[in-house]
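In what follows, structures are represented as structure tokens.
Same chain, two partners: subunit A is paired with subunit B first, then with subunit C.
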Partner chain A sequence: MKDAQHLLRVIIIFVAALVGFLLVRSFLVPESFGKLGHYRANAVDDVLALPRHYAGEPACKKCHAQQASDKAKSSHRHMSCESCHGALQAHVDSPKTVKPSKPKENEMRAFCGNCHGKSLSRPAKFPQVDLEEHNRGMACNQCHQPHQPK
Partner chain B sequence: MDMSLIESLRNALPLVSGFIYPNELELQWSILIVLYPYITGLVAGAFVLASLERVFNVKAIKPIYRLSLLVALAFLLVATLPLNLHLGHPERGISILMTPHTSSAMAMFGFVYLWYLMVVLLMEVWLDYRKQIVEWSRSETFWPKRIFYKVLTLGVDNISPRSLAIDEKLGKILTVVGLPSALLLHGYVGFIFGSLKANPWWSSPLMPIIFIFSAMASGIAAVMLIYMFLCWARDVVIDMPCLDTIGKFLLTAIIVAFSLEMLESLQTAYEAEEHFDIITLLVEGKLLVSMMLIQIMLGSLTPMFLLGLTQVVELPEKVRKVFYMLSGSLALIGIFAMRWNVVIGGQFFSKSLRGFTTYKMHLVGREGLFSAIIVELLPLVILAVLLYLLPPWEKESHSKSPTTAA
Partner chain C sequence: MKNFSRKQFLKTAAGAALVMATRVFSTPLHAADKFFREPPWKRKKPYWGFAVDITKCIGCGRCADACKTENEVPREAFYFRTWVERYIIRRNGEVNVDSPNGGMDPFLPPHDPETVTKSFFVPKLCGHCENSPCEQVCPVGATFKTEDGVVLVDRKYCIGCRYCIQACPYGCRYFHPVLHVADKCTLCYHRIKKGLNTACVEVCPTGARMFGDLSDPKSAITKFYETETTNVLKASMGTEPKLLYKGLDKEVR
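Moving on, here comes the complex of A and B:
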């Protein structure tokens, strides 16, 4: 036993290291870790506390019932208002001061073309038009109502 | 969108070809992730070389036993650095050990790494040096060094034959345990890539095995070159039987690694699954230089030819030394190229299998070329310190002939 004393010390060091590790760990593991899953439960509150950018369609409905009900009947019904109008929480908070932008008349073809311009990479079934040919020179909303295109 | 981002996209776009998904434009795993398997490979290879002496009783390589251990240790200490530097928040890297998830391959690597560092390598070095450490702690005149040795003795200066015999036995057990640990360590790196099923260039059960054998080749080559350099620097005669034996093992490792790689390529080519077209384009295009020329021609075939010559033809010592030096260096370059081709190559092509992105290495910055060079040189600095503190040649100096001081 006397000749293995140095090994005993090694074992002591390893045990001390292990205890040290557990000690450090108890400080470094965040408070609410593991409560809900393999993450910090408080992160949920932290995320909730972040400033919001998108308000969501139910918020728009309260003041723009007409557009909402138009859209609900149309082929655009699955699209959120903010996918065309941009993030608008600020507008919801103060509708008078923050005015959302609408696509201008001369930008309309490019705007609708973002989704409807002909492209091989889109699913073939998705409604697409050749922007060069489909009623060239006219804004799309002269014939299609954006909230009720068809 | 942020203007500077648009600006950088504008530069990148002409270098992209075919159809890729938007999130594939920027290649995420940079040169640092190339270094990670490269450095761990050097560790595993050096350790395997050391264990040849201890476990398999290859007496000829005794002169480099301790050196190999120190090389393994020096590189191991740096092995996780490239991973940490790659993180946007390096200080959070520790979380992987604090709150590990069993489904995270990387988190488990942290424990494999710790096991190997603490239980295998440090213990083995310490047991092997313990006698000297005790002697040095008595005889060293430079006081900081003496205190360092004193600490390392752990306050026990018993070097009775019986205690040394215990050390010897334990050391042997540790090497036997260490060998699978070293293979596990590096096989694990291969496993991390091999288990990425989304990427046909990586996803292969052969990956860990290929990584292990190329690791052996790189580690053996590195120790060989370092040994030759140290002999030259210290003005000591190279132990030719030792060098010849290392050369033989290097040849074996390169042959096995290369054959496995070729077998895998053959299989990919013969199966010709839906990803085969893009891989052909990749190998014939973006990887032509780094794979065909550097990895295969220069890094594998040339050293195989040179080392093969030393086996079949009786060559004078001088020529053999030059051959060893050449093939060692080429093997190291070739294996670096192999890691590059795996890591960077695997990110070149799109998941659509219809297009390529590009990689533009930064010069400065956290993930730039300079940090890669520093990460690569750091182990050599650490090795120099280790050699100063724990000179591996003390033991053999009387038995061998360290002749001719210049």
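Moving on, here comes the complex of A and C:
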């Protein structure tokens, strides 16, 4: 009889500890944790809800068909509009108020040179000019049209 | 029951605990590391992968800039999710690596070009490793791999212990100075799930960067993985990154 009492006490302690553990655990483990793996499944939705800043080329083409078709025939055809004009989701959302930027005339040599300046690290086949020698002081678009480069 | 002494009871309890513990710890780990041994059509759909063609990279740094804009990464020169390194290898075997502001500032020409035997640009970013060390060391499960193979950080659950930043052999993580959590490339998860390109792929002018669905046997990225001669960084670490480089030099670390 005494043994059974001992056993009962131990069982009570175990059950109480288990209930306590589960109670604390239910407060500490966040919702959706472990649904897909050892992480909070809802965290994926948090990442998906982050804002976008680049609209992507298809959005540009909807309004700027002329520029897109010019570019499509040129050697800049594989480039996205936003490579040069910057992130423009804001412009797509409100085209009237947010205007895209163009490289300024006095910054153009540096801007185009960012890709086309001569460098021994660039692939040899890539078109490059020595900015120190090539028509110094002239803006690139006086001869080269960025949407139809030659 | 009558002869069941305290000693015997404790022994039995300890035995039972041991059996339970063995069962818990012997559960097989995540099955995702089987990925590369599975043919494409058996992979989970979609399953994202990335590739870089070093022979096409011109080091313009548009990718690093676009990534900072798209993902609102702090503009200071210590915080990058992707960046471009320039390698200069000289005749005497000397190797110089530089990355001015992650490649967003111009790479200055070397003073002694005649000693240079070869030079090239290497864009770097998270490889979304199959066996990602960062995921394994996270003490709270704040870094995880999604079902489509992208390694993400749970900003609400990260405790900011920086263990993952230490663990990444590629240096692809940083501590976000404002949010006080670990931060890294998400493969623009908020874009690719909506059918858009990642920001870096969108702006890359030469097509040196590529991403796509590895579970699609006909996709361009699967073709690249299957037909190009490629390599990964630090293959000996067994991290199995889903970031393949074409034209990777042995000097690249």
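Just so we're on the same page, the second predicted complex is superposed on the first by the 102 of 150 C-alpha atoms of A that agree within 3 Å, B and C clash if a C-alpha of one lies under 4 Å from a C-alpha of the other, contacts with A are read in each partner's own complex, and residues count from 1 in each chain.
One rule holds for everything that comes next: a contact is a pair of C-beta atoms (placed from the backbone, for glycine too) under 8 Å apart; a residue touches a chain by one contact, two chains touch by 3 or more.
In this text, all values refer to a predicted model and were calculated from it rather than measured experimentally.
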Where does A:Asp3 make contact in the superposed view: on subunit B (first), on subunit C (second), on both, or on neither?
both
Scan A:Leu48 for contacts with subunit B and subunit C and give back first, second, both or neither.
second
Going by the touch definition up top, name the partner, subunit B or subunit C, that contacts more of subunit A.
C
Could you tell me if A:Gly56 is touching subunit B, subunit C, both of them or neither one (first, second, both, neither)?
second
In the superposed arrangement, which partner chain does A:Ala124 touch: subunit B (first), subunit C (second), both, or neither?
neither
Quick one: classify A:Cys115 as touching subunit B (first), subunit C (second), both or neither.
second
Looking at the overlay, what does A:Leu22 touch: subunit B (first), subunit C (second), both, or neither?
neither
For A:Ser83, decide between first (touching subunit B), second (touching subunit C), both and neither.
second
Just to be sure I follow: which residues of subunit A are touched by subunit B in one complex and then by subunit C in the other one?
3-4, 6-7, 10, 33, 38, 121
In the complex with subunit A, residue positions of subunit C that touch it
1-2, 4, 6, 9, 30, 55-62, 66, 69-72, 86-88, 106-107, 109-110, 113, 116, 119-121, 141-147, 152, 154-157, 186, 189-191, 193-194, 196-197, 199, 202-207
Which subunit B residues qualify as touching subunit A in the complex?
19, 94-95, 98-99, 101, 118, 123, 126, 130, 153-156, 158, 160, 162-163, 166, 170
Could you please specify the touching residues of subunit A with respect to subunit B in the complex?
2-7, 9-10, 13-14, 17, 24-25, 28-29, 33-34, 38, 121
Inside the complex, what are the residues of subunit A that reach subunit C?
3-4, 6-7, 10, 30, 33, 36-40, 43-44, 46-54, 56-57, 76, 78-80, 82-83, 86-87, 110, 113-115, 117, 119-123, 126
